[in-house]
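Remarks on the structure that follows.
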Amino acid sequence: MRSALSKSTIYILLAIGAVFMLLPFVWMLSTSLKAPNEVMAMPPVWIPSELNWDNFTEALAVAPFDRYFVNSLIVTVISTIGELVTTILAAYAFSRINFFGKNIIFAVLLGTMMVPGEVLLIPNFVTLSNLGWIDTYQALIVPWTASVFAIFLLRQFFLGVPKELSFAAKVDGCSEFRFLWYVMVPLAKPALITVALLKIINSWNAFLWPLIVTNSQELRTLPVGLSAFTTEAGIKYELLMAASTMVVVPMLILFFIMQKYIIAGVARSGLKG
Amino acid sequence: MDVHLDQLTMQFNDTTAVDSITTTIKDGELVSLLGPSGCGKSTTLMLLSGLYKPTAGDIYFGDEKVTTMDAEKRGIGMVFQNYALYPHLSVLKNIMFPLKMQKVPKKEAIQQVMEMAKLVQIDHLLDRKPAQLSGGQQQRVAIARALVKKPKLLLLDEPLSNLDARLRLEMREEIRRIQQEVGITAVFVTHDQEEALSISDRVMLMNNGVLQQENAPQQMYRKPENIFAASFLGNPPINFLTLHKTENNTYVIQGSSQTLELPSMKWQTHEAFQMGLRPEDLYTVPEEEGLFSGEIIHMETIGRDTLIRLQLGDVTVRALVDPKSRLRVGDRCSLAIEPQEVHYFDPKTGERLRGGNDNDAQANLEKHA
Amino acid sequence: MMLKPTWKSTLKALLYLLPALLILVTFNIYPIVKSFLMSFYTNYDFFKNIINERGFSNFIELFQDPNFIQALQNTVIFVIGVVPISIILSLAIAILLNSKIKFSGLFRTIYFLPFVTSVVAVAIVWSWIFHSDYGLLNYFLGWFGVDPIDWLTDPTFAMPALIILSIWKGLGFNIIIFLAGLQSVNEQYYLAAKVDGASAWHRFKSVTLPLLSPTMFFVSIISIINAFKVFDEIFALFNGKPGPANSALTVVYYVYQKFYEEWEFGLASAAAFVLFIIVFLFTIIQLIIGRKFVHYQ
């Protein structure tokens, strides 16, 4: 398409789009640092005349975002580690061991990927209330410590590791289990990082599930806390934007650092179609 | 340590990859397992390593029966065709890996690694990752890793076939040197006859899972025990002529009208047999002295040799001739061979009847007009 | 050669699979079955876990509920509003990004930003942008002489507001997939077409589009399926309500209402089951048509 549009046209079109994409973030940051009287000014004030960091402390005073942050961190970290462990073990079995029922089990698991998670909401809620787990960390974490998609992704990666490597390790006196951790896992690092990052993003941003299985404020994760905050903060948009910033910024930082892996993971999930 | 195989058999579903092999590999010996791809040589090696378990038969390391013992407990070293180095570990850590598995104290382990690295001459590359090494260097690392734990048996699975021709020659000699220096019993799998014949004390030739012949290299070449052995070894390959009896001691070459007379011998009760003639044993002679003659349809000179292809009716015969001879494509040419160089085989069983360096092979071959 | 399965290897494999299977069976496989069964519980006491009656009445009631019909309608409108625009925009942007310009990495990063951020957070930001008196959007529209619009309180505009937010949020994902698809198209096709004297538009129509059709198809189906599952955006944008006068009530929101607000587990399960059937149909379409008609390289 190069000759259809001139270079400068391409830049202008992309720049307009980029402004549209960035504007909400810029507006969020800008509002979060404004003094209350500038928030509703018309025409809008783009750059606050004074950086009003108090909005953040005030938001923290209204709702325990520090607590929400810790909750989100706990949930994200543990469910990510859990998913990595279950995924590594399962992917190894599916890629390196020949066993009865392998294809059936694998097909059933792949089949479950077709079922939208929303459908599982009600029975899972019932299961958790039977376990007495409603309004606990377990409820936020345990159901999310395994993922068929992750198993599938890692299995594909494991299948690409030459068989001779496991032969060599065996001859070298390495048991299968140690081989998995000493050789396969270090080799699969890029794939594992991708799996972990997609998991972290999903876990951090998850809303419907934590909304349903938690009641007490102490167990709210950031998105749930933020959603409740819209009622608590009323129409104080500078506080809402400060709170939103606290939710959004950690993932933005993560994205800027690990961009390569995240985009590769998304692209890979797309090419699987 | 002697390694003894007793009716070793391996089946995959319906195919028998290794068919009842019985043999003994002597202590300190380098034995080649030679054969075409799919002949079962690699499977035999996998059985020796313990990575595969046989469906029947037994393996003994010395007096110990190891048939069902797992690979990690057999105390063997193994080198693979694709080197199978751990890509994420440095050369040092690759070589140290087996020692780490044995929980050898780090200081001692590093010392042993250094010794081994010196032996295979890669002590200047210890910090590198495998991807930063050439194929030959990677193979040296693989050998060091296999030997570092002082195994009782070294297994090499086509270790040279990923290398280019020149390097292959060099590494071949290196493997031999290292094996002799360490004095380890070694089994070397290859599909390359030249490699097998040059490197080993003894060659075991396999086909379709069956051990065809085991001999010292030269002996196998000089005295193939069946058609397969004769045809697998030798480059350019051996010529086969099928002979049919017409009358007493007179035979016609199948596919041509030429006949030849053979002296009477006890194995000549056969109505037909196959005669194997190595190209390098044939030589040109004046028409009347030749065993057979034909038209030269192709000539090529490779280095010091001139290879001609002779058309006799429907069959072609390859021969290496004196490059100084003035032969040209289209010429008629007669070839002869010393009687003791002729190999005779039964066409039905493929078994050797007589020939090669048999002492009684003083048959007088003459062309019969 | 893979060694044959034995009971020993099966036992070993099951040990490796145990943790994953334990979780997946409990929270993925069992609930699929259970959800199906629950949709037939017509008289269910959740607190005592007693099923008094089973039958089809949930489904009958569901399709007689004007709210559910509206939820279905809204969902379809949402899908039609989001998917085509999002695909056209993201394809166009992907093609621009793929045209060997400088900073394409930077642009890609910017377009992808919304994907990594919390739906709830950005929906709240957008609700501020949609503010009728002080919102940015009405301010910009004011430049063109458009009177302030009550984006979030007028039932006519609630759905467009939701659609704008969703397109913005999902654009980056589609762009990445399209970029991956474009990069897998062999350069030689373009060169060949160029040598043949094809114009840029012609090259796009006869080279890019056909070769990109598997990607297009995949993106469409994924977008449709995701659009059918929309919930977080609505909850955050309209502050815990399905829009003014149920104007943004979607199927998942309906499930949430029946289940979590009204404790109608049977009805909610039946609605969830309808959602599953819809998603399942699209998945099947993807599998069948994808294999048959789409031009693969």
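As written, the chain order gives the labels A, B and C, with residue 1 at the start of each chain.
Keep this in mind: a residue touches a chain if its C-beta (ideal position, glycine included) is under 8 Å from a C-beta of that chain, and two chains touch if they have at least 3 such contacts.
Owing to the predicted nature of the structure, the values given are computational and were not obtained by experimental measurement.
Distance from the centre of chain A peaks at B, each centre being the average of the chain's Cα atoms. Chain A has its Cα centroid nearest to the centroid of all protein Cα atoms in the structure.
Centre-to-centre separation between chain A and chain C, using Cα means, comes to 16 Å.
Our note on geometry: chain B versus chain C, Cα centroid distance of 62 Å, whole angstroms.
Averaged C-alpha coordinates put the centre of chain A at 58 Å from the centre of chain B.
Residue positions of chain C touching 2 or more other chains, listed in rising order: 3-4.
Counting only residues that touch two or more partner chains, chain B has none. Taken in their complex, chain A has these residues touching chain B: 162, 164-165, 167-175, 178, 183, 186-187, 189. Across the complex, chain A meets chain C through its residues 1-5, 7, 10-11, 13-14, 17-18, 20-25, 27-28, 31, 39-40, 42-44, 85-87, 89-90, 92-94, 97-102, 105, 108-109, 112, 114-127, 129-130, 142-143, 145-146, 148, 151, 176, 201, 204-205, 207-208, 211-212, 222-224, 226-227, 230-231, 237, 240-241, 244, 247-248, 251-252, 254-256, 259, 262-263, 266-268, 270-271, 273. Looking at the complex, you find that chain B touches chain A at residues 46, 49-51, 70-74, 76-78, 80-82, 84-88, 97-98, 101-102, 145-146, 149, 155.
Taken together, the chain C residues at the contact with chain A in this complex read 2-5, 7, 9-10, 12-14, 16-24, 26-32, 34-35, 38, 46, 49, 93, 95-97, 99-101, 107-122, 124-126, 128-129, 131, 133-134, 136, 139, 168, 171-173, 176-177, 179-181, 184, 199-201, 203-204, 208, 214-215, 217-219, 221-222, 225, 228-229, 231-232, 235-236, 239-240, 252, 255-256, 259-260, 265, 268-269, 272-273, 275-276, 279-280, 283, 286, 290.
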